[in-house]
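Right after this note come the structures.
Same chain, two partners: chain A is paired with chain B first, then with chain C.
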Partner chain A sequence: MILTIVNQAQDNVFLSIENRLRFGDFLFCDNDYLRAIDEYKIVLKNKESDMLKFKIALAYQELKKYNESENSFKELFSSQQFANEAKFEYFRTLYLSDNFEMMDKLIKDDSFIDASTSKEIKKLYNLKHLYSQFHIEDSSDFFDPFNDKESVELLKYFIRKQNIENKSPAFAAVLSAVVPGLGKVYTENYGDGITAFLLTGVLTFLAIDNFNAEHDFRGWLFTGLAAYFYSGNIYGSATSAQLFNAGARITFDNDLQLFLNKNNHFIPNNNLFCK
Partner chain B sequence: MFNKFFLTIIFITAVNLSAQIETYKWQPNEVDYRLNIPVAKEYKIITSNFSTLLISFCQAVYYSVFSEYDGDNCPFHPSCSAFFVESVERTNIIEGGLMFADRFTRDINFFKGYNSYPLHFTGRFYDPVYKYKLLPLTELVELIKSEND
Partner chain C sequence: MQVVEDSESAFIKKMKNTIYILILFICQITFATDELARQYEYADKLFNKENYFEAITEFKRLSFFDEKNVYAYESNYKIGIAYKYGGFYDNAIQYLSHSIRETENFEKKIQSQFQIIRCNILRKTTDRALQLLNQLEEDSKYENYKNEIYYWKGWSFMISDRWDSASQSFANISEDHELKILSEQIYNEKYSVTFARVISYILPGAGQFYTGNYLSGFMSIAWNVLWGYLTINSFIENRAFDGVVIGSLLWLRFYSGNIQNAEKLAVQKNIETANTALLYLMENYRGEKP
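After this line comes the complex of A and B, so read on.
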């Protein structure tokens, strides 16, 4: 009985709120975010803390659970201690989750942007514009929030974005209409181009040869097949150009994402909680 | 004495012979590294409209008469006939027909390889229909990105 009492007493100390908080902090700094959230939630049942709510939101962000993270940051907008940080991290979550519509709405809302974080928010907003699907209206405005060193590094991607290789689907189709397969060669699918040329050529030769030999049925059959593959090649050249353009944009976006992740999206890494 | 000697000789000979048989038995087997992936063939008749009904019927006939005996030879996923049915289903018989003509030309291209197509888990070249629908560029990029994710 004495042993049971001693054990229970030890258990109570071991699982105290302070110990759970310490353990949660350890897990958080050890990047074990899922378990850290569990510990913090237990502590929050007993003690109200904006800091813990903020850390939970950050943990969700790290876990790429962006919906939960956005909701948790929103709850802190009225917090005295973490309002500005929560707004910035909320914006960063929108950036990471590619929610560009909401970012666009918030950047125009003066009540949302605080002077202390406006530069970082503008940075994220401009960086989003560097991806291939967006258009940069004013190039001088683009580099404003960045310092000289950052601007030089970003300039490479800025120039590359302006010069992403583009093949015209209409031109590819016209080329294939003139010479079968030439549109595919234009989109750098050389094998497909040669095959299309040979296939259409052989079918046309067979059609002519059969007409010359007065095999009219076979002649018309091969004419039909040649026309069918000729048309298919024109259509295929247009889609091939479109796929080429999509591939060039995806490669650019992937390279940009790697570059930005490597540079922490040009946001200083203010580690508030883990030294 | 003679019996003992005789039995010993038989024993040694038998052991040696059986040992030789064992050696023969323990020869390494030939290993077949080919992927053994069963591909279920679907003979589905799609009745959503006349063109899909026609093409899916033709596909079922092709499967039963030719493909069943010729074997699973298409290097693509989805296979050319499945691509034809799906393209007609997603677009119309004319556009679907053109998409199929283009796919057939790409299929008989001897130079196609890993650089041109991603590899599907079945070991075939992954070449889905949506990529050839002439979609707007941004939509196409988003679709490919979401699929890669």
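After this line comes the complex of A and C, so read on.
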């Protein structure tokens, strides 16, 4: 027995497989995922464990190393213990890494979705469609996976998405062609609109006034300048409409992101490993 | 007689067992303590070799297995310092704060407190650093640490670009303190943004001359003279409309542009001066840095 203790002491007991596992679990729950992965990987060299592989994949997900996380979850698709959890977390990784193409493919694959996680998977899939770049085809289906309380909270963003203000660049250009600066006013750039109107107006007046006074050179000079400002304003109004639309979409997406993060994307927080 | 012998041998057996158990127990305790000491030594070696990532892992391992918190202060303090060197100031402050809770030793507590202040200076939360320093300054327990408090206050002011306050703080340590002289010099070298703006109101281009941008100043005065002359001339020749258009669209534009430009140049020059000073401190200053 004494010899065993002496041997243990020489081997550094803190680095035994059992202790590495305990220390790795501590690091994992302390959110030090990088170091937890290192400990788990050493344990895995000596002992096969799907749970450790699953935790490594989760740690990569937390570290936003989505490629490594996806690959690690994929390895567990055939696991007896963690197949369903791995598939769900794989789908969540796709959702977090904005891999919409793959999400679309998997949602249609019945063999991928298990009944126990289908609701959560559909939630994530529908939430992704709430972002401004996507179109929700069937609004009645959208709220299906959510309970009443969640639906009420989501409704605000659903309505906001339907009403994201969209200014037509072509219409803004036409307005500015008819009345210089009106296109800018339409895109809510009031200051620019008034300045464009005054500047084009003054330059046009100066051109006419100089032609009337038979100052032909000055007349043509101001005509050129007026034409330049007039056409520039038409182009500027179309661009201003595009910028307005981009701004509205970015604001909506940022607000939505904050809201979803705050609500953990409406996925119950089942902390399997840390109390 | 036989009964006495039997009871004696039973007693000896019992004693032997007790001694074995005692030896085992002592061995276990000694090896466990030894193990912690060895782990500390190993982590410390990594720390001294500046292998901070590994050092943090090993100190955390030590902390985890050190159930009696024998090395709690040392591990937390060194994890904090390792995070600081790695640039993870939030984590550094978190572990240094743990270390304060793990010791009753006043010197050790102060050591951690100053490190937290230095982390705040490094992560540019200088207001927080100053708040902590003010708290220490007001506390009579820190009477013997006044110089250190003034020193880090000075650094906080330098990092937050308040060179006059930095100079005053270093002067509290010594009138000829190297950093006091430097802060004073930087403060004197800096341009007054308000003065640059005001003189540009009075004479266009003067603000640019003040900040040493002679070409810009000359261009500014030339444009203002030209458009001013054309505006006034238009009014003299009874071309009121030309006068209004040139005056409002050109002269006014160049006049206000000159003021903005003077202000911008003064700010830019001040940033350059401060950056040069901080670079000098980083590369050449031999004293203690945050």
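Here is the rule we use: the second predicted complex is superposed on the first by the 265 of 275 C-alpha atoms of A that agree within 3 Å, B and C clash if a C-alpha of one lies under 4 Å from a C-alpha of the other, contacts with A are read in each partner's own complex, and residues count from 1 in each chain.
Keep in mind that, in the parts below, a residue touches a chain if its C-beta (ideal position, glycine included) is under 8 Å from a C-beta of that chain, and two chains touch if they have at least 3 such contacts.
Here the structure is a predicted model, which is why all the values come from computation and not from measurement.
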Practice prompt. Check the residue A:Asp38 against both partner chains and state whether it touches chain B (first), chain C (second), both, or neither.
Written response: second
Item to complete: Give one of first, second, both or neither to describe whether A:Ser72 is in contact with chain B, with chain C, with both, or with none.
Response: neither
Worksheet item: So, does A:Leu206 touch the first partner chain B, the second partner chain C, both, or neither?
Response: second
Practice prompt. State whether A:Asn19 touches chain B only (first), chain C only (second), both chains, or neither.
Written response: second
Worksheet item: Now for A:Leu27: first (chain B), second (chain C), both, or neither, which partner does it touch?
Response: second
Worksheet item: Between chain B and chain C, which makes contact with more of the residues in chain A?
Response: B
Practice prompt. Look at A:Ala196 in the shared chain and tell me whether it touches chain B only, chain C only, both, or neither; answer first, second, both or neither.
Written response: first
Practice prompt. Could you give the residue numbers on chain A that contact chain B in one complex and chain C in the other?
Written response: none
Worksheet item: Touching chain A in the complex: which residues of chain C?
Response: 23-24, 27-28, 31, 34-35, 38-39, 56-57, 60-62, 64-65, 241, 245
Worksheet entry | Complex contacts: residues of chain A adjacent to chain C | 1-2, 5-6, 8-9, 12-14, 19, 22-23, 26-27, 32, 35, 38, 202, 206, 209
Practice prompt. Give every residue of chain B touching chain A within the complex, in rising order.
Written response: 95, 97-102, 104-106, 108-112, 116, 131-135, 137-138, 140-142, 144-145, 148
Fill in: chain A residues touching chain B - in the complex, by the definition given at the top
132-133, 169, 189-192, 194-196, 199, 228-229, 231-233, 235-236, 238-239, 242-243, 245-246, 249-250, 253
